[in-house]
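The structure under discussion is supplied below as structure tokens; questions concerning it will follow.
Think of it as A, B, C, D, E and F in the order they're written, each chain with its own count starting at 1.
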Amino acid sequence: MKHLIDKAEVLIEALPYIRRFFDKTVVIKYGGSAMADEDLRASFAVDVVLLKYVGLRPVVVHGGGPQIATTLERYGKESKFVDGLRVTDDETMEVVEMVLGGRVNREIVALVQRGGGAAVGLTGSDGDMIRVSRRIGKSGDLGRVGRIVGVDPASIEAVIAGGFVPVIAPIGVDEQGVTHNVNADEAAGAVAGALAAEKLILLTDVEGILDEAGSLIRHLAGEDAARLVEAGTIREGMIPKARCAIEALKQGVRSAHVIDGRTRHAILLEMFTDGGVGTLITR
Amino acid sequence: MKHLIDKAEVLIEALPYIRRFFDKTVVIKYGGSAMADEDLRASFAVDVVLLKYVGLRPVVVHGGGPQIATTLERYGKESKFVDGLRVTDDETMEVVEMVLGGRVNREIVALVQRGGGAAVGLTGSDGDMIRVSRRIGKSGDLGRVGRIVGVDPASIEAVIAGGFVPVIAPIGVDEQGVTHNVNADEAAGAVAGALAAEKLILLTDVEGILDEAGSLIRHLAGEDAARLVEAGTIREGMIPKARCAIEALKQGVRSAHVIDGRTRHAILLEMFTDGGVGTLITR
Amino acid sequence: MKHLIDKAEVLIEALPYIRRFFDKTVVIKYGGSAMADEDLRASFAVDVVLLKYVGLRPVVVHGGGPQIATTLERYGKESKFVDGLRVTDDETMEVVEMVLGGRVNREIVALVQRGGGAAVGLTGSDGDMIRVSRRIGKSGDLGRVGRIVGVDPASIEAVIAGGFVPVIAPIGVDEQGVTHNVNADEAAGAVAGALAAEKLILLTDVEGILDEAGSLIRHLAGEDAARLVEAGTIREGMIPKARCAIEALKQGVRSAHVIDGRTRHAILLEMFTDGGVGTLITR
Amino acid sequence: MKHLIDKAEVLIEALPYIRRFFDKTVVIKYGGSAMADEDLRASFAVDVVLLKYVGLRPVVVHGGGPQIATTLERYGKESKFVDGLRVTDDETMEVVEMVLGGRVNREIVALVQRGGGAAVGLTGSDGDMIRVSRRIGKSGDLGRVGRIVGVDPASIEAVIAGGFVPVIAPIGVDEQGVTHNVNADEAAGAVAGALAAEKLILLTDVEGILDEAGSLIRHLAGEDAARLVEAGTIREGMIPKARCAIEALKQGVRSAHVIDGRTRHAILLEMFTDGGVGTLITR
Amino acid sequence: MKHLIDKAEVLIEALPYIRRFFDKTVVIKYGGSAMADEDLRASFAVDVVLLKYVGLRPVVVHGGGPQIATTLERYGKESKFVDGLRVTDDETMEVVEMVLGGRVNREIVALVQRGGGAAVGLTGSDGDMIRVSRRIGKSGDLGRVGRIVGVDPASIEAVIAGGFVPVIAPIGVDEQGVTHNVNADEAAGAVAGALAAEKLILLTDVEGILDEAGSLIRHLAGEDAARLVEAGTIREGMIPKARCAIEALKQGVRSAHVIDGRTRHAILLEMFTDGGVGTLITR
Amino acid sequence: MKHLIDKAEVLIEALPYIRRFFDKTVVIKYGGSAMADEDLRASFAVDVVLLKYVGLRPVVVHGGGPQIATTLERYGKESKFVDGLRVTDDETMEVVEMVLGGRVNREIVALVQRGGGAAVGLTGSDGDMIRVSRRIGKSGDLGRVGRIVGVDPASIEAVIAGGFVPVIAPIGVDEQGVTHNVNADEAAGAVAGALAAEKLILLTDVEGILDEAGSLIRHLAGEDAARLVEAGTIREGMIPKARCAIEALKQGVRSAHVIDGRTRHAILLEMFTDGGVGTLITR
């Protein structure tokens, strides 16, 4: 009986958070180990479904770099990178769309549904959702790589209104309707901004944002985060994530969280415990 | 971290129950030790608030026998009982209404609000909610004691629609609008029936319904419960509770639970764990 | 037939007022003789029900000083007054709540329902409706006496939306949820302000506000009323009523009426005849 | 003051009727003296507006025989009658439509608006409202005279939904969209049926339905009315009115009233006093 | 088959216009040859119905000068003109109302319904729609001729909300509810302004607005139109139409069209082809 | 001008069809030449957008056999057929999902959007839309090939409610959430049934259903179609299409159309001209 009561206490501890976030939108950037490891995948799915059932509106935006690389390889198509960005010719873009929209997105929809939720997959080109202009690299043309210039949330909202969890593949469309590859972190940030989300949660493969001594920074004001980025204090791989968090806060998102996707139930822990498990960035 | 993940697992374990009961009405008969002990009171309040926040519609019906007895004593008013029912003359009824509607009901509203919920107290005479005819005892007149003949749930539904937890004092009105004392268990059952509730939970001061050997019966079909009542197998004090559970099931309530209110978080344990903590009666 | 036609003419005379007040909220402070005399009580009830049926939204706020005094006496509890305000210790407050919420409020709900309406009783602590800070007397502590700092009308609006007449007992809650005694006139004024009522009607035991010569003042601008209060021209007992009328006008109520509750159907006469029957205070 | 209180009592006496008819539809056939006499016209208008404001949904259907006759005369157009029905050739029909839709209907709309209401005039051809087949007289062709075969209430309901009192001219359309003259009583009855009205009120120039001795029959069951019609006991001019009342009751109208339009405020008297002022026919 | 495909192409060509005007209001001033010629009448009706079915909200405002003249003549009533405006005494006004509201309006309602639509006829006095003050001529009293001072669109909107095409006769009411004759072009412009219409279409008996050389001006900015009116360059008969177009644009209408009602399907051509068929005036 | 008027006449000719199909759902099976030829693709897109704008609710279900074959080839994956059905092992299914959901579906969404519409792509696994059981071939296991057992239209309806054209890839899920390949014709028929569609349109590469003499059958009752299928009279390739049309009619679809997708604007021609362009099958 003692054991059972302890369980109830955990539910009770979560109550203030459940109340605070009731009816709020949470955009989750899903990727990395949390997407690769079978056990973590299942843990992610139930986390999302739980958010839904305790009254939040979770929205999932995913990446798919590794799956794209594997498939390109299988096709015998060589990958070329300029300034760290994949040069995306038409043939590559075809593979990107097939892998993101036809495989990764579908797997996540299936995952959430196995976890007990009802999900609908969307691609950034549905309803002209993610609008881009072509990104010009410093050292030459990158092909169909886009910079997000706007997000029309109508298709996402239709899916939420139907009671579903939207799962979004990061594809952008330019004014001519031509699809482009977009960075998934950036897409998650822009979607969170367009939905006026309460939270943007970025699942990563590190503990969070680390200081120079390598210790986790638990809480950071948006402007301090900006200063760290400029000062180059932040680990390089973290910079795009920090930038998109900062940008999302500017667009009205209440808080951004960089958390460790290698931890089971990282999302629940971040949302429903005081300490949280990563770095919280607030306005 | 391990500790935190265990906590998340508890939330996850509750998920199937949260999903199953989403948007369902649960009527809780509140009384006994759960109402007398300070610690149990607080535990009851957060349980109710949690139900609200994970998407259920809790409705509280309370009794108040001990408080009535104390106040009558303070007034120097002697209590008379016939067939185990308090003879309720007009003066007594005035005290009953003051204590139930003006004290017990108010304390429970305050309790739920301290627990983080928003509550509104109702009395069975609000909106002519609980309709009664006068109950005639076998051995003579009982005064203003009512037998419930119907429940108009409109006032309860108005309060729920406003986002509040209704807390209901068991007073009935007859056709002339005269108030009567009604049994709180019976009131809870009739309210559950009128609201087509998913569950009726009766908080008691015993483990649940016991068999002849004194062991807890975990699960009972409604008709078996009826047979036990007739056979006189059930402990006497439990008979009215069993009867009102059986009656509520007949009126369309999905299940009735007789649980041990002396256990902290008994409601959550009954609703969100497989074993439960008392006797479950189903149709 | 002539007699019948005269009756119809009366209905017709009321028409312009019915049209003007259609769908408007009217807060009525109920107390004094209108609450004590059986005949006046019945007349009050049908007045309220008629307002409801011709399309207004009546809200009743009541006091209960005499009933509290009687009950305290019965308990052998001595009343202490400081600066004209009852010192309210915990024991006294318990009686105040029982009498206001469990007796007076219930009687008015029953009264309105006997008059043909559907009513729901509320207490200022329902849904944390009437918020107070502790009022400190000039000559020492008054105990649980509150000064109103805000009114959350959500619970009142839920009850109105359900089609009921709300009947409100003047209890306030502080930030810790502790209940306090509040002045009923003040409560009525604050409720009228929070509901952006069209009218605040104060039923008193005098003709209205009198001038120095003792003649009834029929119409008064809010600022003139304020000047009279400051000049001390107004009879002392009327000062709190005048003050709460002035305050309500400041909070957006369109007009306040101090009328003679000893007259049968005083509310209808004030609302549906040109002359009215008391003092009208407008912005 | 006594006088004022008497007035309030009249309002109070009307209360049970106001409650009973709240939100109900009342179709009034308007014609005869009530339409000819200036004073009665004004009394009719305020009656209709009062009905509206105390929560009913009045619908006016009017005739216009005398005005048609006058205009035809002015045109030098001779009227021909067959079986007591006006033979309606195309030229006559043109006058009928102009007088009913362009004059009588407009005057009633203006009348109601001067009385304080908002009205919209409709003709039975708006939205193909009143559908007719051509009525064949016993002794030959009557021209464009229609027998009502159905009523589509959509246009009436649109006008009510907009908050207006519909005022309807009795014109019918056949399947080809050709307009026909229809009897106004019959139109009122059919409209009442299609709207599932609570009441059909026929304003006439007699006291009501009289028995053989010439005394007013106060109350009549529908089947008894039918028997009187068949037995020929009813005065001839009253037969079409009785027939349309009987028909309306069959189509679901709750009661039909044949009242004396020469009495001021006849509608209010019939609706808001016990005795009423004419003959009430019920199912 | 080629022929069929050509047909489909026409539908396709209309698509961008259908999309642009979706859910927009179009007010059409109907009169002149388009109302006199049987073939053009039928073409007008289907145009209006098509607008309705491809998602617009057409509103028809009509005149009726010739019909009024004919009827007055038939009555032997001489017409008197002052400053080009018909002097409208009470007898004349009675004819005006009968002809406009009881004949012309009814014919147009029937016309639209034969074309497959559902229409409801309104007069400017319904719901006090078109408000006027009396227009004083330069050379003396004109009688009941009104200058529009405001339009209350509530009755029009009720009819649209019911799914009907409103057909409006140009009658105005002054503050006393007295009806006045108003210019139909002016009425159409004021109605378009009050409805915040997308377009005002004036059907005329000329090609459009002509320049000094007599050539059609295809497009005109509102201010240029104003300049032409002042300079007297525009043909006299066109001046009131130009003025009401300019006024409507000022009140927020997006564009005004003066088109040739002698062309079959002129409305469709103007709305669904690039060139259009008359003069387009834009802000 | 004559040319323009002819254009307007075409719009007018379409009017009766537009009216008849207003607010109705039309499911279009898209495939074959209409999907392969650039010109036909554009014609298809504007047809769909036009349907949307004239008030219908088009839903597109597509196939993708050729694209799947090409991609499998590129992967060096050999295709195996049993009983004419592709044996679908896990690796094949991965390609099927990528091609259908990530390429073909995306191209059609882009196509409709370039045509001026707003589209959202769905896969039969979104919201567990298309439910299947595993199809067992006569001559052995076919792998992940499904037989449709039900369609949950909730996700389709959410997308329509948001104002979008749903474009659906024919993937099914079994009870374990495992995706299966389903026949696109069958999917279109089942979707039409679940949406209670007005029409099911099957775009094919033949004129329609031919009789034994090879002539086009213009109209066929459902039962006659069934007889032809059984008699083997119908060309083999047409049998599955005929079967799914028959099945859809049974599930409540009003009519099914087998039309020639090689004709430009075949959909518009079939819907908006009397003769139509293929075979119409009705209940």
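Brief remarks follow.
Going forward, a residue touches a chain if its C-beta (ideal position, glycine included) is under 8 Å from a C-beta of that chain, and two chains touch if they have at least 3 such contacts.
Given the structure is predicted, the values throughout are model-derived calculations rather than measurements.
Common neighbours of chain A and chain D (chains touching each): not present.
Touching chain D and chain F together: E. When chain centres are set by their Cα atoms, the one at the greatest distance from chain F is C. Work out the mean CA point of chain A and of chain E, and you get 56 Å between them.
Computed centre separation for the pair chain A/chain F is 35 angstrom, with centres defined by C-alpha atoms. Taken chain by chain, the contacts form a single closed ring in which each chain touches exactly two others. Contact residues on chain E toward chain F in their complex (touch as defined above): 1, 4-5, 7-16, 18-19, 22, 46-47, 49-50, 53-55, 116, 263-265, 268-269, 272-273, 275, 277. Within the complex formed with chain B, the chain C residues making contact are 74-75, 94, 97-103, 105-106, 109-110, 113-114, 118-123, 125-128, 154-155, 157-159, 161-164, 171, 173, 177, 179.
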